[in-house]
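The same chain A turns up in both complexes below, where it pairs with chain B and then with chain C.
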Partner chain A sequence: MQMTLTQTLVMALIQIVAVLAFIFVVVPMLTFAERKVIGYVQVRLGATRIAGGRKGLTGAVNKIMWWMGHFPVISFFRGLPTFMADGIKLVTKEDIMPAKADKFVFWLAPILCMVPAFAVFAAITFYPGVLGVFPTWVPIVGGLPVDGYITDINVGLLYILGLASVGVYGIVLGAWASNSKYPLLGGLRSAAQVISYEVPLTLSLLAPVILTGSLNFKTMSVELATGMSPWAILPLFIGFFAYITCGFAETNRVPFDLAEAESELVSGFHTEYTGMKFGWFFLSEYTNMIVVSALASAFFLGGHYFLPFGFQQFVPASWGWFAQPHLIFFLLKVFFLLFVFLWVRATLPRYRYDQLMSVGWKYFIPLTLVNLFIAGLVRFMA
Partner chain B sequence: MRGYVPILLLLLIAGALPLAVWTLSRLLRPRFPSAAKASPYECGITPTSEAREKFSVRYYLVAVLFLVFDVETVFLTPWALQSKELGLFGLVEIGLFLFLLLFGYGYIWSKGALTWE
Partner chain C sequence: MDSFLASIGQHLFVIFGLIACASAAVMIFSRSAVHSVLAFLFAMLCVSVCYFAQQAEFLGVAQLLVYAGGIVVLFLFVVMLVELSKFKEGGIFQAQAKVAIPLVLAAFGLFAFFFRQALFAAPAKDALTLPAEISGGLDVAANNAQAVSRGLFSGWLLPFEILSVILLVALVGAIVLAKAERA
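Right after this comes the complex of A and B.
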């Protein structure tokens, strides 16, 4: 059934609001989870209360959180209001514009960083089918199915890769516009790192493209989970580890967070940024983590199906629920990978810059090229 | 082309979002500018020089190498899409292409372009 333009727009608007709500729920929870997970890994409690002492609203909140400490699992969620406190803090902080900064570029850089990070969600398939149907009494979109994706374009992966690499402009322009030494050094390092790891990242994602012969996100994720020859497990397995490592480097996360090496570079490219301008850099970094996790789960970890690396084809149809695609499988995989991001941060030390560059150029590019060739062989044999 | 309408809409919304939040934050945040606050961060000393000075040529080298390898991925993508249809011919051809590329890769490696000192 062909939708009218108005229906397409309204439907897209509803889905976009849902996806943005997803981002704005997951990112603050991720910052909270980061504190708690790293805290528990290092045998301390992480955030347990918010500032403000014993009086007033904050006092009441702190009293509830003290009480929550008496119960085993619930005690983990003490300190949950910190993410709200963080948000309020970012919005109400004074906005400082460095005197020598290039004002327009300084202002533009966070937007350049964050718009691509959000826009890639247009091509991400959360569920390869119809999530539900609007009741007929709803105006304009009544009776129309809600897809598990915002749009289904046939160059989905190309769109994601192209747009995701725009983010580096935000980093390098923000660093340059600050007109300060630490941001400039951090921004240059970050840009060199991001473009170095972009090559193996793209190459590792080409292996799934070879195996499926498609760039459409939905087709790829479904095909990779169900329709592969058993040999495809090998290139998918290698590709996953190459991809996730490059993803860590692309998002400037530990162990590759050289741009934010606080012992050398204060805070990297966003040293001069304050308030919500910093907030958008922060938000785009965490959104990029979600994007990397979503791509890794969709293409390598079996996407919307139960088992990763193409093992799903061995699941018989009699397993019922586990033989079908589900939104929950996809989200669980994404959240697991986000947990891995935090886990790695708590576990691994930071790389040295020369090591970082040589790992990218000398190990990952050959590895992913060989992986491409293996994928080509598998595709040819199948 | 209908599939690209939601993308345009998302780009518009994503662009409007920071503007909206900045407007909100402008109403809420304090504003006490001072010369010391607006000077570049410099670990406690007064800035002595412009920040935009010379930096290592290595960064340019990385950018050039990135261009080479990125063009290579552009060449690989059409084959990746059509590898089934191109069959053995395509596999041999791309093998030759990768072999030539590995040759150049070995050359820049031996020249030390990949080592960061």
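Right after this comes the complex of A and C.
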């Protein structure tokens, strides 16, 4: 059935709102999980108490959280009030602009950081097919199927990489517009880092492109999970580790968070930002983490299928539910990789700047080139 | 719906082309170098939208990836580190004007001379596309990326390779210049 223009637009709007809701639910929960996971890994209490006296509301909240600590699973949620207070603080805090800042660029930078991070989701396939059908009584889109993706662009992967490469402007311009030394140093570091790591990142993603012969997100994720020869497991395995490491560097996360190294640069490129302007930087960093996890799970970890690295081809059809693609598999993989982000942050110390550069140029680019060669060989043999 | 998209494509092309020209003008006349780079970035993004409006999605994304994501970042990187007030005192920009204005006018005249045909003559009969023996039955409009790769790696391999050698020469030249300055 051919959809009319209005129906297409309304359907796209519904999908966009759904994806935005997903982001705005996952990102705050991720910050909460970050605090708690790191708290557990490093044997700290996490944020299990809030400021205030022993009496009144704050005292009561602290007493409840102390009591929750006696129960195994519930104790994880002891920090929840802190997390909510954190959100309120972020939104209501005073918005300070440095007197000598470049006002327009200062205002533009968080937007330039955030828009590409969100726009990338237009090309991500959450489920390669129809998620469900609207019941017929729904006004405009009644009886129409809802796809598991917003758009199915022919060059989806390139679109994602292109927008991700635009994201660095937010960091660099925000750093420059603050008109202060530490942000500028952080911004320069970040620009050099992101430009260097874009090369191995793209090269590691080219291995799946060679294996499938496509740039379409949906085709690639389905093909990589089910339609590969057994030899393709090797380049996918190497590619995964190269990609996830470069993904850490691209999102400025520990151990590659030199752009905001607290011990050297106060807080890096967003030192002068306060309130919700800082909040947008924060939000885009976590959104980028979701994007990196989504790409890694779609291309290397089997995407919407059960087993990673192309092992899905050994799953017989008799496994029923496990032989089919499911949204839940994809989301579980994404959440696992997000956990890996936090896990790594709790475990590894920060790299030195020259180490970071030498790892990128001397190890990852040759490694991904070799991987590309292996992928080409697999494709040639098949 | 496709016909609507095709007609809106033409309008988008013109609108974003004009915005690209406007931001190119901002790039030239802006006082701050960083604002110039920003306007340049915006012009590049508009050109990318122009490609999308013509349904050349591969070119559009390549424009985004190479120019907006790569080259302009390097521009910004350099411009941020340059203190322009030094150059302003030396009057370096005014000194160039005597040579620059006639050169720009001459270039504009040349462009106008060669492009008058493209602007005012009758439109071409055949769409600009791959010859049938190269495309091999591929639907060029729907498979942009494949069509471009077939053109580059089978039909025009030699010019493509020559271009890459020229780029390499420019790279080596840049390194030689930078080294000479340091010594």
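The criterion applied here is as follows: the second predicted complex is superposed on the first by the 363 of 382 C-alpha atoms of A that agree within 3 Å, B and C clash if a C-alpha of one lies under 4 Å from a C-alpha of the other, contacts with A are read in each partner's own complex, and residues count from 1 in each chain.
FYI, a contact is a pair of C-beta atoms (placed from the backbone, for glycine too) under 8 Å apart; a residue touches a chain by one contact, two chains touch by 3 or more.
Predicted model only: the values in this text are computed from it and were never measured.
When the shared chain is aligned, chain B comes close enough to touch A:365, but chain C does not. After overlaying the two complexes on the shared chain, residue contacts for A:150 are found with chain B alone; chain C is out of touch.
Residue contacts after overlaying the shared chain place A:173 against chain C, while chain B stays out of touching range. Within the superposed three-chain model, A:8 lies in touch with chain B and with chain C [touch as defined at top]. When the two complexes are overlaid on their common chain A, residue A:215 makes contact with chain B and with chain C alike.
In the overlay built on the shared chain, the residue A:91 is in contact with chain B alone; chain C does not reach it.
Comparing chain C and chain B on the residues of chain A they touch gives the larger count to B. When the two complexes are overlaid on their common chain A, residue A:105 makes contact with chain C while staying clear of chain B. Within the superposed three-chain model, A:162 lies in touch with chain C and out of touch with chain B [touch as defined at top].
Taken together, the two complexes place residues 3, 5, 8, 153, 158-159, 176, 184, 188, 191-192, 195, 198, 215 of chain A in contact with chain B and also with chain C. The touching residues of chain A, when paired with chain B in their complex, are 3, 5, 8-9, 12-13, 15-16, 20, 91-100, 110-111, 114-115, 118-119, 121-123, 150-153, 158-159, 176, 178-185, 188, 191-192, 195-196, 198-199, 202-203, 206, 209-210, 213-215, 266, 271-272, 275-277, 279-280, 353-354, 357-358, 361-362, 365-366, 369, 372-373, 376-377, 379-380. Per the touch definition, chain A reaches chain C in the complex via residues 2-5, 8, 102, 104-105, 108, 153-155, 158-159, 161-166, 168-169, 172-173, 176, 184, 187-188, 191-192, 195, 198, 215.
Chain B contributes residues 2-7, 9-11, 13-15, 17-18, 21-22, 24-26, 28-33, 35, 37-43, 47, 50-52, 55, 58-59, 62-63, 65-66, 69-70, 72-73, 76-77, 80-85, 87-88, 91, 94-95, 98, 101-102, 105, 109, 114-117 to its touches with chain A in the complex.
Note for the complex: chain C touches chain A at residues 1, 4, 32, 34-35, 38, 41, 45, 57-58, 61-62, 64-65, 68-70, 73-74, 76-77, 80-81, 142-145.
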